[in-house]
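Both complexes below contain chain A, partnered by chain B and then by chain C.
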Partner chain A sequence: MAEKSSLHPAQLDYERQKRKDEMKQQVVTFALMIIFTIISFSMVIAEIDKLFVIPVIIVLAAVQVGFQLYYFMHMSHKGHELPAFMFYGGVFAAFLTILALIALVWW
Partner chain B sequence: MSEHDVLNPKEMPLNPEKATLEGKNKFIGFWFFLGGETVLFASLFGTYLALNGSTNGGSSSQELFGLELVFIMTMLLLTSSLTSVYAMYHMKNNDFKKMQIWLGITVALGLGFLGFEIYEFYHYIHHYEFTLRSSAFGSAFYTLVGFHGGHVVFGLSWIIALMIRNAKRGLNLYNAPKFYIASLYWHFIDVVWVFIFTVVYLMGVL
Partner chain C sequence: MSTMVATNKRSFGSVLWDYLTTVDHKKIAILYLVAGGFFFIVGGLEAMAIRWQLVTPMNDFVSAGLYNELITMHGTKMIFLAAMPLIFAFMNAVVPLQIGARDVAFPFLNSLGFWLFLFGGIMLNVGWITGGAADAGWTAYAPLSTTSPGEGVDYYVLGLQISGAGTLIGGINFLVTIVNMRAPGMTYMRMPLFTWTAFVASALILFAFPALTVGLFLMMFDRLFGSGFFDPNMGGNSVIWQHLFWIFGHPEVYILALPAFGIFSEIIATFSRKRLFGYSAMVFATVLIGFLGFMVWAHHMFTVGMGPAANSIFAVATMAIAIPTGIKIFNWLFTLWGGNIQINTAMLWSLGFIPTFTLGGMTGVMVAAASADYQFHDSYFVVAHFHYVIVGGVVFALFAATHYWWPKMFGKILNETLGKITFWFFFIGFHMTFFIQHFLGLMGMPRRYWVYKEGQGLDLGNAISTAGAFLMAIGTIVLLYNVIITSVKGEKVGGDPWGARTLEWAIPSPPPFYNFKQLPLVRGLDPLWIEKTEGRDGMTPAEPIGDIHMPNNSFLPFIMSLGFFIAGFGFIYQKYDLAWLSLVFIGMGIALGSMLMRSVKDDLGYHIHKEDLVKEAKE
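The block that comes next holds the complex of A and B.
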């Protein structure tokens, strides 16, 4: 519909090449995610101070999830404004939920 | 676009998953659903964080969890996420066969993950007598991790059903959105697992 029904062959080649390059990027993203996971696990196994390790592994998890969302789930592509709005709406409610449940127990 | 064109496209557009109105609606609706799923998992994570110290005299997380198994499970699920990216890459290039192969690898890795999870639960129940009913920690743990496992089961069944149903049809504008959305679901399962291995297992053994 909004998509052009027929593309110039040169345009098609260009798009395919772009996708191929993007796929290489995905593999790099994957490697980074593996590295982050290994860092998290080894920090815990090394028994470094708890107060230092916990924030670091949570940040590493958040970054890894960002990679997953923006590269693997293509949120970096255009046309994802509404999905991003809806998803982050969920994330906001999720944040409040966790905050409320933890606060309840602390009191 | 007529129904005939949707099922037998003369030429595949660059983004077959969003070429029809139905595809576009599925895409937006599914992201909305994932937002809801995030809240659902947040309530389970919040419950777990609130109750993970309440062991009722039974096994604690430090006694139970072994990181070797969790590491293998993490690698399996993370790799399956990449293989489903490959599947979608081939879908966009209109290479149905390669897409099916990569989806098949994704399913195999997912089944491996599931096998390890079942073994893990079996181990906890039979060697530690740690069950859903043994403590508040047990209830919170099995609900959260089991619910994620349930998502894995559903995701696998979904992908397998799509692969079998469309095996002889090939790719068209009607089923391309279905494959795309199933792969989004699969990535979301990995997103949740990243927080499970961090919050439940890594923080649990600290």
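The block that comes next holds the complex of A and C.
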């Protein structure tokens, strides 16, 4: 971080603004994640029909994983293309495995 | 710290200690080569015993039980303990040099990966001396494996678990190395094809090995702790093992075959004096094979009863792999076309590979046709098919790589005459052994049977097959003699004995322990060739001479692996007497203790000083 101090003032302002925006996004997503969790719990407590609750919880969970990866683990930033590619590769392999085991073994 | 090691003779003890503690990728490569070569010889001896048992009808050279152990250990050993480590040997020796790096990203982990593999490999073979090795086939299908008496299959499970952890560590290491440690200018699309294939193979290791790990854990609990994952009587399902095994097992074929393709791409381009034809198509085909490799595992299970829909899907996906593989075959042929071809031993293996592997691929499409597979399944046709792929693809590549990179690893060229003798014996012997097995299979000879009856038309074919195995053995013995005679009498060569194209040939043979004094500036594909065509002697440096940061040697990887090895015995023998659990505690204590030590103790390495590097250059 030492070389950052030698940046041009305009560049510095830009960096500062970017950090501020990022911070805002993180707070918003953090709040959303808490809301999602509350929704999930309250649906279960309210004893709504299972057929509705389970898919909704799974969707909310998937969205949360996305938030986690993109806003907190910075997967959207430059230089993360390869980790993202490997990540989706792994998801692809795991998805095929689970799909086949469900379809071929338990179905 | 003094870094310029004196060249005087060192005692045997100090050399041994150096290898036990080394974190240098070049020395770890030699360790992999020696260990993998040793298991290759032992696996070959097991194969000779199998062939001698089958030389005449109703032979009684070995008992039925011992025959089961022989086929199981031959298959397991050749895949996990010979082919994998030999591929890793060349990945370690060459990949960091090809991308212009001073070592892999995690030198300590590299050493840990090797020792885990070696101790796992030893564990697999302990069964031979404790009353029976694994005998359920290399695929260890449940319920045969879960009900096999004795400890043979336990050694299989624990041994593969330990060596599998080592392989996973190695794979991750190469991924990080290739992503992060490429020299300035070495973009992805300028990486040599061997590096590309090592990269994709490492990604396959990362995604495929966890399935094996899970399967082995379930098997371990079924056998040692009374669970019933694969036992239908307890609500389990034995087909789950087959799925988990092949979800790992099919990508494993490509983990072996892709680096083999990379080796041939390097050799064919070098000795045709041409740029590799269709480089970007080759990269694309490599990545595509990697992806498709995950969608085809159930073609090993057509006769399990998955139903026609599943069989059709997996049959079509399997045949699709023939397309990228075909792209590669044609690109090698086009690289040869119009080239200034020089035929030496490495090139002979490459030229022998193309038709041999194409035959294996063709029978692959045949067994991929689900309906026809009901006829081929578990017959010698399948045995012939996968030996054409694994020996014709992978083992030929390993022999080729041995001849091609030997001067880079050891500074001497293997004797060419002896090399050609090895090739012709092995090549002819290979086709004699396995070509006839296609027909034995079509005539109905089943796989894994220890005898066959007289008068069924199988006698002559089996006799020819066994004769071929002896020719392969002669070829291998000549290679061993070649290695010894070259080490004793061979003449030292310079850094670039072949007039090659890629970065590893831009530095002396064998390379100094820091590889590159100054990191090279890469200006395109085949960087060394570019500099040569522009009349320069070597690479343009990308940095001034400066201090080089090096990692310290460490004995901890050996101790850690030894700990897991000891714990493995505890896990196995506690099924007879719980007192053996003490070994689990001792072993895990050693392993976890050395992990703790590694975590709390700072090991920052050392620097080679600029002055020493300059002084060395003047000498």
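We take it that the second predicted complex is superposed on the first by the 96 of 107 C-alpha atoms of A that agree within 3 Å, B and C clash if a C-alpha of one lies under 4 Å from a C-alpha of the other, contacts with A are read in each partner's own complex, and residues count from 1 in each chain.
One rule holds in what follows: a residue touches a chain if its C-beta (ideal position, glycine included) is under 8 Å from a C-beta of that chain, and two chains touch if they have at least 3 such contacts.
This structure is a prediction, so every number in the text was calculated from the model and none was measured.
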Going by the contact rule set out at the top, does A:82 touch chain B (first), chain C (second), both, or neither? both
Original post:
Which of the two partners, first being chain B and second being chain C, lies in contact with A:105: first, second, both, or neither?
Top reply: both
First, second, both or neither for A:35, with chain B first and chain C second: neither
Can A:16 be said to touch chain B (first), chain C (second), both, or neither? first
Max touched-residue count on chain A (chain B vs chain C) belongs to chain B
First (chain B), second (chain C), both or neither touched by A:90
both
Overlap of the chain B and chain C interfaces on chain A comprises residues 82, 86, 89-90, 93, 97, 100-101, 104-105
Residue set of chain C touching chain A in the complex reads 175, 179, 203, 206-208, 211, 237, 239-240, 243, 247, 291, 294-295, 298, 306, 310
Chain A residues touching chain C in their complex are 82, 86, 89-90, 92-93, 96-97, 100-101, 103-105
Per the touch rule, the chain B residues reaching chain A in their complex are 1, 11, 13-15, 18-21, 27-28, 31-32, 34-39, 41-43, 45-47, 49-51, 67, 71, 74-75, 78-79, 81-82, 85-86, 89, 92-93, 184, 187-188, 190-191, 194-195, 197-199, 202-203, 205-206
The residues of chain A that touch chain B in their complex are 1, 3-7, 12, 15-16, 19, 23, 26-27, 30, 33-34, 37, 40-41, 44-45, 50, 53-54, 57-58, 60-61, 64-65, 68-69, 72-73, 79, 82-84, 86-91, 93-95, 97-102, 104-105
